[in-house]
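One chain, chain A, appears in both complexes that follow, with chain B as partner in the first and chain C in the second.
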Partner chain A sequence: MLSDFSSSSSVEYTKVAEIKGPIIVVDGITKASFDELVEIETSEGERRLGRVLEVGYGKAIVQIFEGTSGLAITGTKAKFLGKTMVMPVSNELLGRVFDGLGRPNDGLPEPIADKFLDVNGEPMNPERREYPTSFIQTGVSVIDGMLTLVRGQKLPIFSGSGLPHNILAAQIARQANVVGTNEDFAVVFAAIGVQYSEAQYFKRSLEDSGALRRSVLFLNLADDPAIERIITPRVALTVAEYLAFDLGMHVLAILTDMTNYCEALREISAAREEVPGRKGYPGYLYTDLANNYERAGRIKGRNGSVTQVPILSMPADDITHPIADLTGYITEGQIVLSRELFRKGVYPPVNVLMSLSRLMKDGVGEGKTRGDHMEVGNQLYDAYSRSQEVRALADIVGRAGLTGVDLKYLDVGDKFETYYLKQSVDENRNLEETLTRAWDILANLPKGELTKIKDKNIEQYYKEGSKHPTQ
Partner chain B sequence: MVAKGKIVWVSGPAVRADGMASVKMYETVEVGESKLIGEVIRLTGEIAFIQVYESTSGLRPGEPVVGTGQPLSVLLGPGIIGKIYDGIQRPLEEIAKKSGAFISKGISTTPIDLKKKYHFKPALKIGENVKAGTIIGTIEETPLLTHSILIPPDSSGGRVIDITGEGDYDLEQIISTIENNGIKFPLKMYHKWPVRKPRPYTERFDPTVPLITGQRVIDTYFPIAKGGTGAIPGGFGTGKTVTLHQIAKWADSKVVVYIGCGERGNEMTEVLVEFPHLIDPRSNRPLMERTVLVANTSNMPVAAREASIYTGVTIAEYYRDMGYDVVLVADSTSRWAEALREMSGRLEEMPAEEGYPSYLASRLAEFYERAGRVRALGSPDRNGSVTIVGAVSPSGADFTEPVTTHTIRFIKTFWALDTRLAYSRHYPSINWMQSYSGYLEDVSKWWTENISPDWYNLRAESYNILQREDTLKEIVRLLGPEALPDEEKLVLEMARMIKIGILQQNSFDKIDTYCGPEKQLKLVNLMVKFYKESLKLLKEGKSLSDIRSMPIIPSLIKAKFEIPDEQVSKLKDLESQMDTQFNEIRSQKEEVELVV
Partner chain C sequence: MESSPTPLERTIDQVITNKESELLTQLNKSYLETVNNIDLSKSRIMGEYDNIILNAEKKGDILKRQVIGSTKLSVRNKELILLEQAVNDVYEKAKEKLASYSEDPNYRNMLIKILDESIIDLGTSDIIIECLKKDADFFKKEIESLSMKYNKKIKLQGNLKNSLGGVKIKSSDGTITLDNTLDTRIERLKPLIRKNIAQILRGRGN
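Moving on to the complex of A and B:
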């Protein structure tokens, strides 16, 4: 990005007062602004990019994206470019691969820019938002039936190291479509500090399904500069917004792994000696994450949409960890992966009880999907939740201590996991099939137990004991 | 004289400016060439420390800072209802007209349309002596709301020397003039009021009337009174926002102020999309005609988040002063506290717990104390109230964190949302053992007079079942349910029915979303009756399994969404079915015994 380094308003300084961690302090400043982009030139002539975090009293604190290793107090030049960081955008971006700062990474030349956009974006005016209501069929039963994804939603995957979050995200990216339309999703993929193999898996998966030509990839891998990660989701979302709201495309933005992003943020905060919040993360982590996650949605009178699926690995599988916690407060639900189900060999190993889609209520129902969709989802939740309680009880008192209805719930819990939840990586179930499977499971319960479903839907779909699915 | 200085330092939303000797604490200032709005929060010598309500990206030392001579204020007059404002009362619709779908900075707007004409009916006569707060006249702001034009509360009053006749005027028209000690004060239909200063009133009363929200667990078990305070703490996904939306939709107040403080953009949009189509069950008018939104979404500038709470509560007090019941809903006060923490950090103040400033508790207290039921200033005599309900978002759903612990000290109704209940899809996930209401005794008189004298006892009896279940659960966890005697198993069964049939309420179901007080009482009555009858049967030696298989049970549980409020009499049919089934068990059993 930023081929144009020779802006007329740029000023160069040579007095570096301090270098610590990812930041440098430049002295003798006469003209610099907050958030301004800075180009650093080392004594060897190497160029790096930085951004002003604080300016005043003749000093500027600059964060260096590529890190400060190799920089010296003398001989380092800092050129203040007179503008904030921008990303050149155009429809030529599709099919391309960029690095974490938005520079071409595929050996091809810089795409010709249609315009330059500030990577920080601007807050979307809630008055101009269009409320998301279009159901996205992902072909994954547990998502479509119980955690419905809606166009313009931000629905993260809370995962743990080693769990198949990337496989699930790739499956969603391949299979996602809005029923009744032939519009494909454009995919914006931001790899934030992930391993080479993970990024490669995703890229191959898009390639194999032919989706790569309508994708844009941003790769900051595990061995790339850590501070660059602060920018990676921002450039990716800038492009996503452009594709959606300027070109009218439906965009699925996948950001993995947000935990690495937060760690980069913590590194800078620590270097600036700020008062830390929980677990050493800065007090503004919530606001900072929100500035990224809120860049999803739809706008009145425009065609496109940005649907966001951020992925984060919960350190020690702890959902109360600040990263997962704050993310959950911002996003419209969460898909939580379970290590226990993963060990049992269930894919996708979604812990449905901890998972939630806040916009499901608006995307399903009569006229959108099917009248019984929401109620069946709620009943399945209820049944599975009950089965988990019974399971815990059975571990202590044994099956003999259970009542007849409890035993039925125990059975329903097992069937839910093997017949409804479990499916293969390339299995694309339509909604009809997902709902049929749900009723097959509920058929194992007596009618009186279905307290979340209206009588008319029970009459239409419920057939007691009609089917005893095993696999 | 207005202060004119220069920026010397910028870091995020915090700016220091030099040459600001004449600026006052909490004065509003214009920052930089693009005239961003800021507020002075500390003065050291000639240096003013300013929090800026807009993005400071691109701001540079050397740019000018100009004082306005005014504290941060809101403009109060007709035209507020139905609007969506940002944290400093800029209408988002106007901002959208100027900058499109995304909010740019440096946009100036007027909060209400000063050119719009309203039909004014005077209430004063020439020669009358008037005081601050007296009603000058009225206009119809929406079909739902008569807006009283008030003499500003900070006026010294005087004698009316001029008042216009009935007619259509815009807001800039001078509608009346009063004279005091030879000085003339012209009055318009609007006035300004500083947001950080509570609006005065004559007298404050104890709250005694319940705020009916149509939510069973709130109205029946943990009620809040008009003019009271309540808090909803809960981890993410426990349904704070949905519960607040429900209160904003169905509460029987005249005006609702909804503050979206650091929350999701789509949630504000949802209110904007939904409320114009939702019909108030009491007035049959769209809910938007009584609602004001203050939105500072999580990605909007953090300093304005701090202001949004005050902007909202000042608007609420303004409508209170007209003699109305107002509900203020703030989602979420934790984000407001975080904004305080962020500014405090940039001021390099000594932090207290978890980095929050030491004045967090006093700020929370000041905010919640602006709730209350009061007699307004001036004449005619009128009472109004502001009820404050604040959401709290404790990190890690840990209720021992500072914002939750301090909030609890200043509120009287506590609705504790429970992550475990939310995981099992028990919504609203208000934990009935942890929650409490300090207004129970205060509002029972209202229930007795308006709904039924049995309310207090029925509530206590059904709550008692839930309490007993809570103790029994421990035993079940160790020994299994079969280890209990039938009478205790009945308690478990009963608690399940109350939990599903009463406590759980589906906000997204057309019928279940609102449950009027009469239906609430009847449902509870049915449950309590079912329990008592079953207990009798058990004492007569009948078996629990016969009771468990009674077909009335699913009907009782589903009555909440199968029987709408308008057909509440149908619950009578349910009751007679129940009686029949109990009698059947009685007679059936006897037959069996005869055969034996």
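Moving on to the complex of A and C:
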């Protein structure tokens, strides 16, 4: 590592040919490489960071993370630093708060590094990947019971503007844990383009719960330069990978809001006059998102894991929007938040019928969580789905036109929302409590309706008769 | 001799008996309801009591974690600040010692090595070398051989100030500069030097 630093000399150029949106074109380049880090110095002596996007014909296109406002063609110096962007990593990062570029934001000094890791990460060898099979408890009933998160999984939350996705994200960050083992657990939280109040909420919420000690925060605020957002998930995932694969921790990486990340990509793409794809996003949006999402996983022979929960707000609640659409292709399921449930005062407003955890089946069951876990989840899903159909029917024919069983499903639907789905922001339910609540709901249905559950589990857990659970 | 009750008296007796029995039934019912309510209240109170205790335990646990977490973090952060101060002190002292490095017999060899690197990295045909005034004589002797070696026109300026040594080279039009002074090189190495100093201070160094 020492030789890396001593050999990398930095060349400074003063010929800025063009400034265009977030990029500048430096002329007369004799030595530059793709992705190289560039330090820009304004005529007033202010320093900004950038990276090389393209190089050739004696020119280099440099993307400036802090934006180009205030830069002039004359008097601006561009120093090519001879290295790509690296993040200093060590276990001292835990409990620290950084800005979107990985610089300390908590008044403490730069961390003393064990290593300097390239923020672009190293691709995980598919052959060395281990299939995720272990449960992470979030303390949120609907996630643990029906959309179980598994170590090494990437499970996004699809939300909309104004919905409480950030509150849910903070709750998951506070409460998430691996149950039944003494293995270390850490949270890497990347806030991308969030409001100041939200950033403070994340920080305070982790501080107040004592979870900051096992967390690393990267905060890129809404008024920070948009281009900085391109780096934020990368530095966060670099730290997550280090904690997981070098220190053997189980890391939950929460990235919110990936829509802001994609907007920054679009801005750069437009400034580079690239051919736009759907809704103006670059054609490589899928590849770029995959580069980030695929950094989740487990590696054979290593202890740790990186589990990702990227959060994205769908513009106009449109699930077919390119960001949500492409994310859905790459990740292993999705948790969709519902505006209708939010309006009804249900928190977390998870629309279970549109949500899915593709790896749940591999992370639950006997020896992992509880023998009836998967079956109860499926039965609840089925019952809630049926209750929605009955609700629609009742709107047309009225309650009087429904059969006795239909009325029970209607009741189950209401109770599911108020007793199982709904929980308070600081309520941390363990899996046992979550499954007990699920059985309380199912007790409202006749035994014959429980077609997804094995008889032995029905015998053990089903208590016939109408329950009147209250929150 | 007692006279038999009049029909009115019989009716009154009947009404009184009925009322009495009705009242007794109501009293009995109320009594049972009250007993039942007390039992229910008792179980509700016990439930509430359990809830209050459970919530208090949960809150106590959260508070405990919060206090322990923030205390440990605060101690760690203070340690980081102290360590940084110590690292900076060591770093500055090391720089002071390096100020006399230009007297070292290896210094000249290092200058040639640095210049070699710099000329290759700069990549322009005409070059201006900036160095310390005291190194100018040394470079004057070397310029001819370097010009021949790299086939470049080299000009010397011995006007480098406030530096520990090394060279800064520029293209002839001044648009490209390569700073290879000792100060810049040390600054580039600072993150690694910090790590080594910290390890020594923590007693983990070699």
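Following the convention adopted for this analysis, the second predicted complex is superposed on the first by the 456 of 471 C-alpha atoms of A that agree within 3 Å, B and C clash if a C-alpha of one lies under 4 Å from a C-alpha of the other, contacts with A are read in each partner's own complex, and residues count from 1 in each chain.
To be clear about the criterion, a residue touches a chain if its C-beta (ideal position, glycine included) is under 8 Å from a C-beta of that chain, and two chains touch if they have at least 3 such contacts.
Bear in mind the structure is a predicted one, so any value in this text is a computation, not a measurement.
> With the two structures overlaid on chain A, would chain B and chain C clash, or do they fit side by side?
Once both complexes are aligned on chain A, chain B and chain C fit side by side.
> Pick one for A:I330: touches chain B only (first), chain C only (second), both, or neither.
After superposition on chain A, A:I330 lies in contact with chain B alone.
> Quick one: is A:S10 in contact with chain B, with chain C, with both, or with neither? Answer first, second, both or neither.
A:S10: touches chain C, not chain B.
> Looking at the overlay, what does A:L353 touch: chain B (first), chain C (second), both, or neither?
A:L353: touches chain B, not chain C.
> Looking at the overlay, what does A:L341 touch: chain B (first), chain C (second), both, or neither?
Neither partner.
> In the overlaid three-chain picture, which partner chain does A:L255 touch, first (chain B) or second (chain C), both, or neither?
neither
> Which holds for A:E92: it touches chain B only (first), chain C only (second), both, or neither?
Touch status of A:E92: second partner only.
> Using only C-alpha centres after the superposition, what angle do chain B and chain C make about chain A, to the nearest 10 degrees?
140
> Between chain B and chain C, which one contacts more residues of chain A in the superposed model?
B
> Looking at A:E127, would you say it contacts chain B, chain C, both, or neither? Reply first, second, both or neither.
In the superposition, A:E127 contacts chain B only.
> Considering only touches as defined above, state whether A:L243 meets chain B (first), chain C (second), both or neither.
A:L243 contacts neither chain B nor chain C.
> For A:V38, select first, second, both or neither according to whether it touches chain B, chain C, the two together, or no partner.
In the superposition, A:V38 contacts neither chain B nor chain C.
> Please state the minimum Cα-Cα separation between chain B and chain C in the superposed model, rounded to the nearest whole Å.
12
> Both chain B and chain C contact which residues of chain A?
31
> Which residues, counting only chain C, touch chain A once they are in their complex?
Residues 62, 65-70, 72-73, 76-77, 80-81, 83-84, 87, 117-118, 121-124, 171, 174-180, 184-185, 188-189, 191-192, 194-195, 198.
> In their complex, what parts of chain B are in touch with chain A?
These residues of chain B touch chain A: 7-12, 16, 55-62, 84, 92-93, 95-96, 99-104, 235-237, 260, 262, 264-266, 268-270, 272-273, 295, 297-300, 302, 335, 338, 341-342, 345, 351, 354-355, 393, 395-398, 422-425, 476-483, 500, 506, 508, 551, 553-554, 557-558, 561-562.
> Touching chain C in the complex: which residues of chain A?
On the chain A side, the touching residues are 1-2, 5-15, 28, 30-31, 88, 92, 95, 106, 108-110, 112-114, 116, 207-213, 426.
> Provide the residue numbers of chain A that touch chain B in the complex, in ascending order.
Touching chain B: residues 29, 31-36, 53-57, 84, 118, 120-132, 152, 245, 274-278, 283-284, 286-287, 290-291, 293-295, 297, 299-300, 302, 320-322, 325-326, 328-330, 332-334, 353-354, 356, 359, 361-362, 374, 378, 381-382, 385-386, 389, 393, 396-398, 401-403, 406, 447-448, 450-452, 454-455 of chain A.
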